[in-house]
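First subunit A sits with subunit B, and in the next complex the same chain sits with subunit C.
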Partner chain A sequence: MNTVPHNSIPSRTLFTHILLLGVAVAPHFQHLNLWLVSFYFVLTFLRLAVANRIERLPGRFLLLLLSISGLAIVALFQTRPVGKETAIGLLVVVLGLKLMELRYRRDIYITVLIGFFIIITQFLYYQSMLLASIMMCVTLGLAIMLVEVNYIQPPKSPWPSIRKTLILVGQALPIMVVLFLLFPRLSGPLWNLGLDNQSAITGFSDTISPGSVSHLSQSHAVAFRVDFTGPIPEPKKRYWRGLVLWNTDGYNWTTGKTAYSQAETYQAKGKPVQYEVTLEPNHQKWLFSLDLPAGHVPNTRSLPDFQIQAIKPITARFQYKLLSYTDYSSSGLSNAKRQQGLNLPDNITPRMRKLVRKWQNATTSNREIVNKALQHFNQEEFIYTLSPPSLGNNPADAFLFETRRGFCEHYATSFTLLMRIAGIPARVVAGYQGGEINPHGGYLIVRQSNAHAWTEVWLEDQGWVRIDPTAAVAPERIERSIDLDNWADGAPVQFQNLDPGPLKNLIRQLGFSVDFINARWHRWVLGYTNKRQNEMLSLFGLDFLKGSALGIAMVAVTTLVVLIITIGILRSNRVYTDPVLKTYLNFCKKLAKQKLPRLSNEGPKDYAQRVIKQRPDLAEPITKITKLYIGLRYGQVNSPESRIFFNRLVSQFSP
Partner chain B sequence: MFESLTSKSSHSETKIDSELEQVISKAGEIILGKEQVLRLALTCLLARGHLLLEDLPGVGKTTLAHLLAKLLGLQYQRIQFTSDLLPADIIGVSIFDQNKGAFQFNPGPVFTQLVLADEINRATPKTQSALLEAMEECQVTVEGKTHPLPNPFFVLATQNPTSQICTFPLPESQLDRFFMRIRLGYPDKKAERALLAGEDRRDLLQSLKPVLTPKRLLELQKQVPQVHVSDALLDYCQDLLIFTRTSPKFHNGLSPRAGLALLRSARAWALLDGRFQVIPEDIQTVLPTTVGHRLHSTADTGVDESEGVSRYLLDSVPIP
Partner chain C sequence: MITAIDLSRFIRRATPDKEGSAELTARRIYILPTRYGFLFGMLLCAMLVGSINSANNLGLMLTFILAGLGVISIIHTWHNLLGLRIQPEQINPIFAGQEAYFPIRVENRRNTPRPGILLEFAGKTMSGIDLDSNKSGELSLHLPARRRGILKPGRFTISTSYPIGLLRAWSYVELDLSCLVYPEPGPSTQHLNPPSYTPSATGDRGVGTDDFAGLRQFRQGDSPRHIDWKAAARGKGLRTKLFGGDRADQHWLDWDALPGFDTEQRLSRLCRAVLLACESQDEYGLRLPGVIINPARGAVHRHQCLATLAHFEMGSSE
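Up next is the complex of A and B:
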């Protein structure tokens, strides 16, 4: 055996190290080819099997073969357009090969470094807090490995290394925070450049057709979160306006060209509601606002019918602040708009007209007609369901007179059509209704299951009035969320029980906690963008440090700090040349903390005698340490063993 | 491994320790309450240095000289220095032997292992220098002929404080020849009580048996330079020397000879303490007696203040 024990890796360190590297690589396996994953597994297994008999590690020739096969796997199987996956595949191959060369302690430095690098690449895919915490733990573990291999003779218990690492990490934390806050940010997240898979993301599209909202409603995914300044509006006022749909071909409803028409106005009543929305990326342009919004969101267009549209599709979490008035009366309808609000598709059937005529015969007031229509929905056998039957080419007719089972979009669109037949301008509004209040953060969570559609009708004396025909069928919809866990095909919608029982309640509370932590993580960590950094800087009056100035300032400050530390080290050079003296000074420091400092001209023996006189309980360790120190520094004791022994005595010494 | 290292060295240390400890304890029976002084005197002897005892008459200077001679089994001669003492009275003269028809050298009292030069500052500088030459060279040259002095050779000179009348103070250059200067001082109350109540010191001295032989003393003297001095200690030593040369508080800095003396006495002190390595405390202990008479404060008040000066030096220089 040609190993020197001094150099070899203790098996505890070796196994922990390989395990940690495995955890660091593991999340990448889903992006890697199965061949590559097996390649890494085989190499890891080999290294574990060899353990400390390093003479059995592959020689140069075998290593060359392994390298070639690793490269070949990357070249042949990781063949998506050369990019991130290729680079990561290469990195994993390099790490696996390096395991084959993990012979001596110094080799760990390299594998730890590759491990750190792989950990960083994880965040190219995910930035969740769970992943971040796991990777933080792995980083800590790898740092412990670094401390461990730096011992001349590692202590039997891992605690000293762990303690030391924690101290080091603790010292590094403030620097990390400062760098996080001040390091120049690129505007827009670096890792989101065309990397997202759009398939998993749900949201409203430009069109609404029967079934599109009910489909959306079956998702638990969060649409957006809202932080209110001040009280949260009551549930029946939580209508989140998204798209306004004017045009229909009898099947689909679309927004229509509204951009160049005259803006609608309204008279606000009551106090405004102030809030900040954090919109999840939905790859659409729609922003959602509480009915009705006032003010403008930067980087968006405010459309005349109170739609807010982003200039580019929202691919990253987007935050905006808004002001809304929940009580209002609007005014001013141009003839063109009136015409648009009365447009009917070709497939209006006689029985629809007949139904409307029946109401018109009873009353001439538009308001009464609206009420009659609502009564119709309420009193006839309409059922509110998540899975309505298919409706054919004329969904409105089929729904109104045959199936009578539908979700909110069925009610909203058919109601709008009926109104238009009656000569009342009407339009469909799609968005969200309701939302859960997270008791931990005091913010509102609006999920896709809150997706909703309703109608707005024009009444001459009130302007646009929101009418929710769904509320006429299922009034609970407005107050409660749909219970997605209990629904049967075609069955009426079940609503969440207000008192769901202890177990469900606990799960819900846990869910709120997780959502709270995640929301804050997104808001404060991932959402700390260029914009927020500038906001923070101006908070401290450092507005001038923007963009490149901040970079230059950081470099200057870092240089200055390094310079000062360097000068300090150079100046105290003499004191710290002798490691024995350094350890002894450590010992003195420990005693100085007990109010027993050593005088500068006090010899070790005198000092020990003085201290022992005051603290007879410490006589034994102090005598031992002093004797050994005298031997090492003034005598001829010079063996590394006694140095180690001395270091250990001092580090174990705790007065 | 560390244990074996210490036990090996401690074995030989114990032997030296016990011999020398015995000398100290025996001497302590005669000169009461002065252990530190006795140790320093013995240190001086081990370091092959000559000792200057400076104090008032009657504090036990002569007794100390007697005592050391007795305990170490050394030949002993006493020279009482007076203002009319001539060099020949110390080193001896050549007298014409009528039987042999030639000049025959009659060795003076200096030809002995331990010389007590009593009240050295009463003699004229010429006479003083005759003794000091003998001390330095360990030999005497009379009329072109060199006569070696015995080995070991140890001069113990006593001196009255220079403020007393009819004295010729030793010049600085001569003082430098003395390895150490010790002051005995008055005994403390308890020791004096025992002294007054006890037997006559002379009688006690007569009954004293030697503890060491001159041969053993030579062996011990040879061990002194072998006591280990580490780099760290040399650093400290040099810091002290440099401080005396750069600080404005001192008239002249310490000479290299003073530095050598300091190190040698520290080695001897460590050996006496039973150690084979010098630690800073050894330097600190021997420094006032070894360099006190070579250091002069710039603020010369006329009163000898070597104690204070040494203290200041030690307080000012940190141990590296």
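Up next is the complex of A and C:
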């Protein structure tokens, strides 16, 4: 019956616990060195092999030896001075050693706490919904372990502990939601630990050279998502302007200094497009806008040539609202800028000049020259490909006259050079073109594979005009996306078939659903910044809550939630009282008010007799009630009618 | 130990009602984090700072769900004790030097189970139980009895750290627990036990078992083993054999028969003598200064004698 709490860890709990810890650590294995991973594996295996024969666990000496070897592995194999990986390596070593000390029930607390900490370190690397769900399950599992060891006798079935934990977590969820929504968000970190190393950058750098865009294009990664307030513009108008490249040395194209020049202006035609961009972190400063943007994004600089540049590189998901006009005519080219737009590198070859002279001889209109150049790309044997052959030191020349295989940056840069030779100011614009509409979310997904480069030429009557030489070669590029799945190395680019067949269609539909959920995840979970918090608060008219006021509000709402849950717990678990008894106690209370309380040792019959003796006037109702009560509670009377009658008798009873 | 002011007077504790049972009510339950609970709190702080610093919303979510779990389990841990009824069970007397055992009934009047209920006394966990819904169970408290007399353990603690062990709720309970401690049985003293044959004034009434004392007419209820079957066979009718000797081993256990010993030594020896007399089913009486218990037999008599020894010169008697 009664026992001193069982001190050893039940086998089921032990094995589940070690397994859960393994799952919590596992994603770290890819950035830990093999020695460390093996160290953890060996210790886990040892602990599982020992199971409940805890006397076989390593003694103090062996444990010291293991600790030293673990620390040595961390010290010897760390890649750079004290980085994130070193800290995590240490954590894994400590967890492994603690497994060796997992003897009694109380030891489980330490490993559970380390487990929680390891889970949070996972989020420094990955924030996908999948990982978050797995880690949520592990957290739940570890909580179940805590409940399991708090039984006196090891529970035979795990269900009571699981049930209890689910209740606990279920009640903790509203608290989490309140804290998450109301916890005051800071716009920047408290301090920089210097642990964030830039890894895996996908996006434009500030230089474009042959191959840089095509390299980017091979990634399926999302560059940004766009929510439109109105209808989504048609595909051929989806030019996402990023960098404007003026300067070239004949190989690389760079933006050059444009900050202090006179701002360009344009005359908008048609209706504006209103949208919000959610930019994935790219560790660059470029923001992308639909050609051409109007208005300003906070915390950014708007450059004269309609580039938008963040003040600091974008390391976290960034959202901004913009207005754009897709039809416009621009004006305002200063002489300095005109000069910059005509600058030629040293490596212009005679045959390039010869080609341009041929067009110039045919016409004097700049517009006609542009058209002739486009015709040239269209009619000659130019091939649009993701992996063009290497081009040497003079890529423009080699591309135009020898290989004739290239991606958009080849077309855009060489076209720009040809225009400049012809005396037409021209510049290269890099960004994205197109994007897929997610039918579930009604938003546009722009991927790295949509990366694109085009040309803008200055025509006196129209201002800067967008010319996309790629469209002359592969007009499908503008209407459809590149089909990366069917793309073979070196082959001409295939475009996504408009009717890809049922299976592929299904896969695409699934992909859209996943991306929709993912987008919401990014928007509401990962992207819930102080800005979105303000938006959320203003939705409820609470945007005056800021800083410490918000903190107080958070505490108040949390307290309220806890109070409601407490009341819920107390109400749902009240001691069960027979309704008949309740009614009878009500009757006693009425008499007690008349200074005739029932004594604790008095049965209903004795009580009735005593009261009747003192108040003979009440004899009739008291006898009736008492008789019925005894019948209902102890006797054979059981009909619902008699219960109702009993209730009525008591409620009508007024001494 | 605080001696100047007895702080324990200010501690709220559960005291017994008229029926001797105590209920753990809301105000009587204390709750604090355990060692691991404090560690958990520190961990949460570290996780919070880390998450803010890296603007990591998933980290914040994990921190907040764990914080929520901690807050919710305050209620659950407290609620695990709330309304628990505690009642002493019958306590058997023991001899000094033995361990006194106090069984304590805990009753769960709720439709949900209450696992992990512990009884702690003098800083040690004595016993624990997982109570099912609407069930009661037994916990126990035991402590060594060094001296004869009445042993009162006083206040003990009912605690729980269910469900997650990061918090401990407890309640001080002061039930009317007392255990009668007989003196420790000393070495047997030969000259205390010589049977002192006292002739019976009314004669031997044949209720003993040792010596044949005569025959009488059979009566309903007599043991068939005592029927004189030989006589019956001779046609003399059913007669029952009577045995006497019930006064044979009657003796007095006398305080004054133990000169040269101090009080405790005498009581110990007298205690042993009572036990020996019981073993040999003798009839015995007890003579202490100021107390005389007439010779008799049986469990009640034994308890009376031993209790008298236990209470002798202890200032209280029952």
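Note that the second predicted complex is superposed on the first by the 376 of 655 C-alpha atoms of A that agree within 3 Å, B and C clash if a C-alpha of one lies under 4 Å from a C-alpha of the other, contacts with A are read in each partner's own complex, and residues count from 1 in each chain.
The rule is short, and it goes like this: a contact is a pair of C-beta atoms (placed from the backbone, for glycine too) under 8 Å apart; a residue touches a chain by one contact, two chains touch by 3 or more.
Predicted model, so just to flag it, every value in this text is computed and none were measured.
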Pick one for A:Phe116: touches subunit B only (first), subunit C only (second), both, or neither.
second
Considering only touches as defined above, state whether A:Ala471 meets subunit B (first), subunit C (second), both or neither.
neither
Contacts of A:Val213 with subunit B and subunit C, given as first, second, both or neither
neither
Contacts for A:Ser642 in the overlay, against subunit B (first) and subunit C (second): which applies, first, second, both or neither?
first
Name the contact category of A:Met176: first (subunit B only), second (subunit C only), both, or neither.
second
Once chain A of both complexes is superposed, is A:Pro604 in touch with subunit B (first), subunit C (second), both, or neither?
first
Winner by number of subunit A residues touched, once subunit B and subunit C are compared
C
Is there a shared patch on subunit A that both subunit B and subunit C touch, and which residues make it up?
575, 600
Name, in rising order, each residue of subunit A that touches subunit C in their complex.
1-5, 106, 109-110, 113, 116-117, 119-120, 123-124, 127, 132, 135, 139, 143, 146-147, 149-153, 155, 160, 164-165, 168-169, 171-176, 179-180, 183, 185-186, 188-191, 193, 196, 316, 525-529, 558, 562, 565-566, 569-570, 573, 575-576, 600
Listed in rising order, subunit C residues that touch subunit A in their complex are 18, 36, 39-40, 43, 46-47, 49-69, 71-73, 75-76, 79, 83, 109-113, 115-118, 125-130, 137-140, 161-166
Using the touch definition from the top, list the residues of subunit B that touch subunit A in their complex.
1-2, 5-6, 228, 230, 232-233, 276-281, 284, 314-320
Which subunit A residues qualify as touching subunit B in the complex?
574-575, 578, 581, 600-606, 627-628, 630-631, 633-637, 639, 641-642, 645
